[in-house]
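Notes follow the structure.
Each chain gets a letter, A, B and C, in the order it is written, and its residues are counted from 1.
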């Protein structure tokens, strides 16, 4: 199975490690054995965390855009609704789903837009768009890819504004820089060979100083202190 | 403590990674420091996943059979009911247990048979049979052992039928082949030294081709694509 | 942020691996990047596990005592109540918290004492005391530190009483002895660089024999069999 998926990741934190702004979305194509992305599209967000649920629409659009360039068999979105097809997701079905009422309200509001995008993908490519969420390895790879792109976006911001920032990484991962690539490697059990990468085409990684720290207020999460170079 | 336990593991998956048939059960004897099996019994299942709950009876029987050959102090079954003794498990107690009503119905149906087997074990060997389930390291070792035996059973099937199949492994583990042994090593935190093995007495591992993949639709699970040679 | 936190850890187990007595509490100062303690205070407990909830008061006192010697910005206690400030925690708020009614009763009983200690810390040092619990990395480091100190306390007990004992370690960690230090290293995903240590000032580690085992009845937990040397 060739799977296209998308997710958003990384947040700018205040000095108390509270998430303030979501940083990046990415869509990816993942082929067997499902360890990394074969193709990717990324976009910055810098949207307030409080409105974070709306990024699912941007994620669906990034999947649609990636499908103009690559072939796939199915689409995985980061909504944990038991792998139901978005096109077949009715408000009635949603009312039976195991989600909090707050999440249900958010999804209800976005459902018409999401169903339209899923319909577009079905017509253009014949593919189902599944609300599989946290069960999907490709969604995890999209999350790590979005996180790696977020590091680059944050470095650009630091270099432009000449001001340090603290970037919260996705859950349970660690960055490695090799050449002009930055990869986030999963630290989860049974994901030791799973990672998401971004290419530093402009050499921004050489214009900042990056120090890794644990997030003391959220176990399993790490953060990067990114500083401008003098 | 010398502990006898049993579990079933591994499933034949369809091309969308949906589990179709459960593959193997195994009982094991586990001694301190509780990292591997000292003795084992295995049996194929190839039963539909939908009826998976019934394998608990075969598991109890495999424990009883293993106790004809080895000495132990207690028996652990893969039912997560807070370590209650099966013999003392009444329908009333079960109605207070923290399990879904679906699981409760399944257990209720099998309880007379399970209590009979537990009674046999008590009379013959003086041992308690505990419904400890996911809290038990020996049950995990039985799961990994059943998974390793399942790989061998699946290889035989592939070689006989000259048809590839996709075998879903137990949660959070990875296979290693060394000589004529296949071992599933746990990838869980704090289980890095825990594994379950099976002996390839007939050389079947040399008659197939095995490729490991992540299960893209179930995070934490890996699968093996097993193909006939030439 | 400089964070002072405290926790209690390790239990003496009976031969069936049932926890009998809690062993040690520790408070720690943790600075960026939040991997280990910069300063610590420890105290033995040897209190019955059934009354374990009362140790939170001793933990708060150990934080207060440590703050007489070190500077910090905030205090983290091992109560998982969403990072609410202890001073602002009213019985009404507590009744809305997501905890079992049993835990709520325990906390209610201790709340006046805890609020008094939090008030002392606020007046003397101007710091908030947060009920952050399992989300806090410094609380985890306090747990591992308390566990390391507990190994030393248990070794003293074994040497004095010339009687073996079985010590249950904190969740998902493994001990390493280097010179006159014993460290508990976290085995959790994304905590591979987190540990807590204790200094063996009296050479007690040389007077006992220590063997590691998995706890067969509690997955993720390891135990130490500590024996007197001849």
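Everything below uses one rule, namely that contacts are C-beta pairs under 8 Å (C-beta built on N, C-alpha and C of every residue); 3 or more make two chains touch, one makes a residue touch a chain.
What you are looking at is a predicted structure, and each value in this text was computed from that prediction instead of being measured.
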Shared interface partners, meaning chains that touch chain B and chain C: A
Fraction-based call for chain B against chain A, same above half, different below: different
Interchain centroid distance [CA atoms averaged], chain A/chain B, Å: 36
Multi-chain contact residues (two or more partners), chain B: 188-189
Touching residues on chain B, where the partner in the complex is chain A: 15-17, 171-174, 187-189, 211-222
Residue ranges of chain C touching chain A (in the complex, touch as defined): 1, 3, 30, 32-35, 76, 83, 132, 134-138, 140, 188-194
